[in-house]
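Both complexes shown next keep chain A, but they swap its partner, so chain B is in the first and chain C is in the second.
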Partner chain A sequence: MNDRTENLLLALPGLLLLALAFLLPIGQMLALSISGPDGPTLDHFVRFLSDPYYLGVLWRTVRLSFLITLICGAIGFPLAYIMTKVGPRLRLWLVVMVILPLMTSVVVRTFGWMVLLSRSGLIPQMLRDFDLVGRNFALMQTEIAIVVGMVQVLLPFMTLSILGVLTRIDGRLEEAARTMGCSFLQTVRTVVLPLALPGIVAGSLLCFTLSASSFVTPNLLGGSRIQVLAASIYRSVTSAPDWPFAAAQAVILFVGILLVLLPYIKLTGGKNG
Partner chain B sequence: MAEVRLQTIRKSFNKTAVLHGISLDIRSGEFISLLGASGCGKTTLLRIVAGLEGVTEGRVEIDGRDVTSLAPEKRDIAMMFQSYALLPHLSVAENVRFPLRMRGIGNRDEQAEKVRAALETVQLGHLAERKPRQLSGGQQQRVALARAIVSNPKVLLLDEPLSNLDARLREDMQVELIEIHRRLALTTIFVTHDQEEALSLSDRIVLLNAGRIEQQGTPDEIYNQPATSFASNFIGSANLVPAEIVDGPQGPVARLGDGQELALATGETARGTATLAIRQEDLSLTTSGAGPAAKIRTRVFLGARNRYVMTLAGETLRALTPNDVVLADGAEVRLTVEPARIRVIRG
Partner chain C sequence: MVKAVPFWLRVLAGVFLAFTALLLLAPLVVVVGVSVSESQFIAFPPNGLSLRWYSQVLSSNAYLNAGWISLQIALLVTVLATLIGGAAAIAIHRRQLPFSELWATVFLSPLVLPTIIYAIGMLMFWSAAFGPVNPVVLALSHTVIALPYVVRTTLAVLSESNPYLEEAARTMGANRLQRLWFVVVPQCVPGLAAGAFFAFNISFDEAVLSLFLRGPNLTTLPVQIYGQLEFSPDPSVAAVSTIMIALTIALIVIIDRMLGLTKFASA
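Right, the complex of A and B next:
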């Protein structure tokens, strides 16, 4: 047996699992999305894309996912950078702190946010007490609530992706930049940021795909008024069982994420990783 | 071109003192070497001049201006790192242009011209568009050098820049450094643990030992008149032999631990307990004749020469001989040394 067949053999169980658990359901979903009473049809897609309500849901999903990814990056990069600069003990504590939320279920965390953000919850109450907002101010069932909840869920993915790349950057490069006339911020911009790009891209991809397909947090924090695509799919399946329409929405979500991934992958492919 | 003045620099890391009050004046255009074993504080001192490390106490002046608490980017220095520290995401030309861009020196065309000239200086003009990882170690080294000199800094700091190169490239780079220094006359501080490098490159050598200046002087002074036993052992790795200096019938002699005697120069004035510093190449070995007897332990073949490790009066001695002197392990040999070549260090 040569190396090639040996490698193939070793990869076989994984490939098999992938085919059974991933490719097969996706195929099924694709088939379902174009199934109609009288043979294959694109009606479900037409219905989705011609209805302003559903287009609004799609737009909100994409918009919120971008916003969440952006905020995760804006918090995650400095956090990861600081983690590479502090001593090993403090770094361990910071890593634990970042990972800790992952150890409780998303549902529990989201209920936590519901308590904090609800009308009589801590945060709106405090803002009202300081007269920073009006009496009718609410946070629950707004897009802000979804963003806050999702950022907390996804921040570890962004931070750890960036941290992995940052720890491999030679610290002397930053020192060299300083001796060549860069201030601290210029060093971060011209040296650290470009070299951390692969980590930032990986983290952004994770954040974007996870938030575009997330269901629990947006559903609980956004309520029924503010729907995202995953919640809309859920409703299509549960309230008026319409499997083909749900499948069509899932395909649109799938293709949408794929379209976002492509330029990203190109972006990293050209740079040195 | 600028002079650098260090005044009683002290530096501690977590209460461990690394530098114990170093004062040093470096003349404008001087090539000075900080020489010492690893851990002696030479790199820390260099990083203090660069501003990458603060001082616990003391004062750093560049060109008459107090820069002790000035950030590195405001010091108008250039530093070359042992690991080269080329920016991997930029091309060779962009790397060399980096300090010009960051310091806002010249417009785009002038920068391009300076980059071209600097790369010509290190003979790498043809590789300007490559990425650093596509270059060999020696080429990366020369890019780092071009990047260090391109902005015509007041002070050029070199942190063991040659230690990652193989022997042949190192010799080439030494010549290149000497010629560049002669042409640009940059004030240069060179950190090295390699005494040969320090001897061949410097106008002045500062020998550091455990955070203090052990001795400083021209390469000639440091090599021929080591002031302390550390200096003579470190430079030229001389043999150090404890001895008692007494008056013999024909002038002063050194009495070794086992009673054997070595003749000293007639002008030698020291008496009593002392340490003899004898260079490896100054010892000649004969199987017959006068002189103290020593026992050969090991021969190390070095190509052009042989190194013999032997025992004399309980001390380990090393001698460098021409490679046609062949002696068996365990053989008894007689040692002769030109009396004037023995340095007596008191105490």
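Right, the complex of A and C next:
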């Protein structure tokens, strides 16, 4: 046995698993998306792209994912920045604060929001008590509920992506900027923000991808009236089974995500995975 | 913080942290609160204090079965992902395979593909080729999505290891198996351990694959909870959820003790 055989043997189980339980199923799905009663067809795609209802679902998915990503970035950057500046004890607690939700099942977290946002829940109740909203105000089954729930689900991904880059920035750069007369905010804007950009971009792509493809939270918080693409796929698989149509929707989701990811992968040479 | 940060900015940072803590932790606190409520209905803040919902969960066959299935699958996934991913990481790290740069990308690719797309492919492929799904299929699919984490953590540890140790062992007459087992694997242990915890956590909490690949006798805990939430949530859902949160906290404590959470988060 030589070195190459040994390494091949080590990698073999993983390769087999990925080939049989990953690539093959995806290939099967691609094939199914263009399958029809009489040979290959693009009917399922045409049906999706010519129906105003499904175009509305697609547009809502893109719009909400964009909004969710934006909010995650707006909260995630300051949070990650503060995490690099505080003492080790507080930092540990902040890391726990970010990791604990991340490692808790999405189903459990969404349940928490269902309780908080429901008609008699704490948040609508408070808003009503302060007379900020009318008596019939509801948060559940609205797009706002989806956005709030998804931001909580995805904020840890954004924060950790940015934190990974921020911890590698040389602190002396900021000190230099301050010595040269920059105010604190100027330093953040002209020194920290540009250096953190790779982390922000990576985190945003991750957030956008995950938010466009999630259906547990949107389904439970938005209800059946407010459908997003992933929820529509799930429905095409379960309640009104139409597998080729479900496969076609999955392919549309996949292509959409690739269109967002490709420029980035080109830009970084695929180094950041 | 750096010196000479204006006072108002510190105050602002404090307010911001409080707001973020509220946003991130509120859903978890609420779930724990509801679980100890005495009332029939889901209410927060809870009225009364009782553990009746816990005793109801522990005597409910649906929850116990789901929990048992989740646990079995998660343990199987942990073993499979750690063995397969660890071996693959060692092979990738040595860079002696043809197209050596490509392999890391291949093994990390399940990370990039949205789970729902993979889930639907797996369901269609399996049903078309072999019929109804079974727990092993679900475990294999969980292994696929857990694999990148093990590969990543193990590669990270290996990249800081000393490449000459293996050379030294070879010079001293150790054969391939001995070098692998006594020199390479022990160096991988922290990465393997972190990966194993990840794999367990991913499988135990995973809802998407489990929803698509569920069956009459194949309902994991998250799927059981999801079903309850869709139809008739009562405080027993909160009790199960709290147990899951407690498990997550235990995992985090173990990871912190073994590897250090802060280092691990910024890696």
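Definition applied: the second predicted complex is superposed on the first by the 243 of 273 C-alpha atoms of A that agree within 3 Å, B and C clash if a C-alpha of one lies under 4 Å from a C-alpha of the other, contacts with A are read in each partner's own complex, and residues count from 1 in each chain.
By definition in this document, a residue touches a chain if its C-beta (ideal position, glycine included) is under 8 Å from a C-beta of that chain, and two chains touch if they have at least 3 such contacts.
From a predicted model like this one, the values you see are computed outputs, not experimental measurements.
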{"item": "Combined model on chain A: chain C and chain B, fit or clash", "value": "fit"}
{"item": "Which superposed partner A:Lys85 touches (first chain B, second chain C, both, neither)", "value": "second"}
{"item": "Partner chain in contact with A:Asp170 - chain B first, chain C second, else both or neither", "value": "first"}
{"item": "Which superposed partner A:Gly181 touches (first chain B, second chain C, both, neither)", "value": "first"}
{"item": "Touched partner set for A:Arg225, first chain B, second chain C, both or neither", "value": "neither"}
{"item": "Which superposed partner A:Asp3 touches (first chain B, second chain C, both, neither)", "value": "second"}
{"item": "Contacts of A:Lys266 with chain B and chain C, given as first, second, both or neither", "value": "neither"}
{"item": "Which superposed partner A:Met114 touches (first chain B, second chain C, both, neither)", "value": "second"}
{"item": "Chain A residues touched by each partner, larger count belonging to chain B or chain C", "value": "C"}
{"item": "Which of chain B and chain C A:Val96 touches, first, second, both or neither", "value": "second"}
{"item": "Least Cα gap, in Å, left between chain B and chain C after the two complexes are fitted on chain A", "value": "6"}
{"item": "Common ground on chain A, meaning residues reached by chain C in one complex and by chain B in the other", "value": "175, 178"}
{"item": "Of all residues in chain A, those that touch chain C in their complex", "value": "1, 3-4, 6-8, 10-11, 13-15, 17-18, 21-22, 24-29, 32, 75, 78-79, 82, 85-86, 88, 91-92, 94-101, 103-116, 118, 120-122, 151-152, 155-156, 160, 163-164, 167, 174-175, 178, 184, 209-210, 212-216, 219-220, 230, 233-234, 237, 243, 246-247, 250, 253-254, 257, 261, 270, 273"}
{"item": "Footprint of chain A on chain C - complex, ascending", "value": "1-2, 4-6, 9, 13, 16-17, 20-21, 23-31, 34, 42-45, 83-85, 87-88, 90-92, 94, 96-97, 103-118, 120-126, 128, 140-141, 143-144, 147, 151, 176, 180, 201, 204-208, 211-212, 222, 225-226, 229-230, 233, 237-238, 241, 244-245, 248-249, 251-252, 256, 261-262, 265-267"}
{"item": "In the complex, chain B residues that touch chain A", "value": "50-52, 71-73, 75, 77-79, 81, 83, 85, 87-89, 98-99, 102-103, 131, 133, 147, 151, 157"}
{"item": "Residue ranges of chain A in contact with chain B within the complex", "value": "170, 172-173, 175-183, 186, 190-191, 194-195, 271-272"}
